[in-house]
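Below are two complexes that have chain A in common, paired first with chain B and then with chain C.
== the complex of A and B ==
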């Protein structure tokens, strides 16, 4: 009976109810959209980094500290004998880093040259064109960003200066054979890719690597004392932190929106008690307890949330569908240099998170609805029937 | 008859062979010219950029091969910048931030004040005869001077340049032209010396042009306006405390 009465009252409230439902629905649509955006970005960024850079794990030379440029010159370590068969079978991809100077068009630029086996199949990096020829320049691969910075294109020849293992300068000519469209900026910005054997030859090194990329998780247990295992959790720690920071920053705006929606509910409830005093007195006279009346009003407020949830799914569907199929592109082709934003981001909707949001919103709405109506308990039936104001 | 003729030809050629000095002795003589216990100099470095040139002036103090102190005096933008080299360590002091930074690792590859010289070039200071073995390639004329042409090959690891070709003024034992090569044999840098003057009993070039051959442009010119050798320099000059003074 309480439910029926509450429902009838909401319908009877007309435009006022519609406005309340509309406000909450707008907030819910925005919340779901934002949650989907962060979630989709995180999922896509991780997927792309796994496909292009991380695979199923990474062993990193203990001599290499990505945050210490001084360590880069000697950032390699010998590949242990136990690992070599996996390297030969292609299950582990060794990559060698070398800080270098490149001279595109007579200009001098610092770059990190990375050597990767041309025939590797573990990462999506298009390395197949890097196989060195007998004579002529060494084939090189760069990303679109690097091509823009260096003004280099396919077929261009430039000189690379790098130090060998003893510290002597070596200089070799490279020729761009491909410009890749990598979704992972760290593989592109300031980086030149060549065949591993060519880089080792230029540096007078054999069987060394800076990182070993693992095809299968089972290879994480391989013995490599001079390398440290980088787990998925460690590898994506920065990305997770960045998403969390941005999501928290964004949530301030949404807290404000939620506050305004709750204020609308609170206002409506407070006004309802003021305007419906005779009705409260009547219900009380007919035998309803104060608790039942309070529950009815609270349910009325909470039902706004239920209707808003339905409305947000119905009204928001075209929007959700559009972003799921067409994706979200940064306005004006802005490139943050962050993985996952190189192309329109197609939304994936995290159902558990969305359901949790709806439940939390329902509880919050119910609480805000109850706050003004709890005063009904103090209202005297006779005064209420008279339309008194002592409540 | 033929044998006698051959013997005469060989004997006639002997004085020519005897005229070729030992390449190591040429290096020794070059080093002797460049070796001093200490020096003080006032220099100008003209850095030729793509669009314009700028001149950086400095006063420099050196002691042996390992200690070097420079203070930039002009232009106003660079005035007060100091550089201290102690052994294999190099510090730069920036008056703008009042901080000194040790230059090492990848930073050593960067150019000094945008010139064709890298910090690594500043770190190279040991004697040629200690680092390289020389072979005499012949004679050539450079800038109107009769020179020996020597090919230098690194005889120890850890040197930035694995080989070099130098042209040494026969009469004054001064390098007038130097080419520095990469391990692959690619020419990396050319250094031209000029305006050789006698200072304190030694011949010393007062003009040097450094040219990074992989870069376009005219290179960097280095003028020595004043130089004195073997003078007494306070030990405090070569301390980190001097950077902030």
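== the complex of A and C ==
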């Protein structure tokens, strides 16, 4: 009954209802869009980072502290006997890091040189061209970003100086064989990739590595006491945190929009209570209880939200569809310095999150509608019937 | 003994004013039986509306007893007085007080929605009520599209649709011309005759007074006379 009446009021309210529904629907569409963008980006970033860098897990040498540059020189540890067969079979990819100095075109720059087996198949990093030839410079791979800062291109030869295990500097000649378009900036910025064996040779090292990348999750249980297992959760902690920070930064805009929508509802409701005072008196005279009247007006406000949700799903559908299939490209290829933003982002929709948003918005609308309606309870029927303002 | 619809015993109503209280009704004692067509008559400010409001449990008496259809008005909870109004009372006001967003049919249907009945029965009752007042061709119109006389007929249909025991009409003709006034008075008189519904009017309109079977004169909140009119 109350529902029917509330519905009638909304329909009877005509264009004012439409404006309210329009405003809320616009806010909902933006909310869903924004949530989908951050979520899709996070999903994409994780997928790409797994494909290019992390695979199914990572064992990191305990000698390596990513935050301590002085540790990098001796950041390796021997590959344990139990791991070696997996390295043989290609299921575990050892990577060796070494701080180095490169001399591209007569300049001097420090870079992290990383050795990876040229034949590895676990990561999408294009290492296949790194297999060293008998003589001539060692093949090297860099990212687009690194190519820009070093002004190096395919075919260019430059010198790299790296410390060997005895602490002496060795200089080797490298030649760029490939410039990759890595979606993971950390594989690109300040990094030079060479074949693992070539790097070991230059550093007079044998079976050592800084990190061991695992193809399968089951390999996480191999015994490698000098290594520390980095789980997915730990690995992506920074990424998650960054997305949260950025999303929270954006949320100010959203709170503003939600506030606007709520204001529209509050205003409509407050005005209704004021203008429809006499009507409320009549409803009471006809025998409606204050509870029923309060519920009716609250429901009326909350129904705006229901209609807006339907409207936003229907009206927003083409938009949502477009972003899911064509993707979202940042104008002018803005470089966010973060994973995954250099190509169109195809949206995936976090349904539970969207549902939660709708439910929260519904509760919020119901509350905001109820706020001005509360006053009804304090209104005497006779006074309301007079329509005046002397409550 | 005749069953009483309304029994008022030494009822007073005081309104707080700037400097104390204003006594709008002074120890009124009255009763109404079933099927009455009575009017409270008196000059403006004599307390007619106040008396009607107390009978309709829209307002509470300051002292004395008011019994309406077995409900003790001064002791009712908000819920009980809603129940009394929704089940047993009909109201007609000078300003019609129709619900503007509802059409004629919906306005008349409203009291029945509060009573929870099946939709077929409801539909039949709404159509009956619209027939009594001669508005069967206006069911889809909004109040804003109707004349004053038509609005008041909708209000009568709304008051009558649930066949209440008692209808309270406060200056129902004050905004109507003679023709419309007589039309609605005829309508109400017919309903009174056919359904046995009690009507209590508050009015100072001579046209209305002519129709009344019983005239209660109120002056400054006091009943000064209470007469039956045989000519009506």
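Everything below uses one rule, namely that the second predicted complex is superposed on the first by the 388 of 391 C-alpha atoms of A that agree within 3 Å, B and C clash if a C-alpha of one lies under 4 Å from a C-alpha of the other, contacts with A are read in each partner's own complex, and residues count from 1 in each chain.
Quick note on the criterion: contacts are C-beta pairs under 8 Å (C-beta built on N, C-alpha and C of every residue); 3 or more make two chains touch, one makes a residue touch a chain.
Just so it is clear, the structure is predicted and the values come from calculations on it, not from any experiment.
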Chain A as common anchor, with chain B and chain C clashing or fitting: fit
Touching partner for A:351 - first (chain B), second (chain C), both, neither: neither
First (chain B), second (chain C), both or neither touched by A:287: second
Partner chain in contact with A:172 - chain B first, chain C second, else both or neither: first
Partner chain in contact with A:101 - chain B first, chain C second, else both or neither: first
Touched partner set for A:248, first chain B, second chain C, both or neither: neither
First, second, both or neither for A:69, with chain B first and chain C second: first
First, second, both or neither for A:8, with chain B first and chain C second: second
Touched partner set for A:81, first chain B, second chain C, both or neither: neither
Chain B, chain C and vertex chain A (Cα centres) - angle in steps of 10°: 150
Closest Cα approach, chain C to chain B, once both complexes are overlaid on chain A (Å): 75
Intersection of the chain A residues that touch chain B with those that touch chain C: none
Interface residues, chain A side, partner chain B - complex: 68-73, 99, 101, 103, 105-108, 110, 159, 161, 163-164, 166-172, 202, 204
Residue numbers on chain A that touch chain C, as the complex places them: 1, 4-5, 8-9, 11-13, 278-279, 281-290, 292, 380-382, 385
Contact set on chain B toward chain A in their complex: 104-107, 109-111, 154, 157-162, 182-184, 186, 188, 212, 214-217
Chain A partner contacts - residues on chain C that touch it in the complex: 53, 56, 58-59, 78-79, 82-87, 89, 91, 93, 95, 97, 99-102, 106, 110-111, 113-114, 116, 158
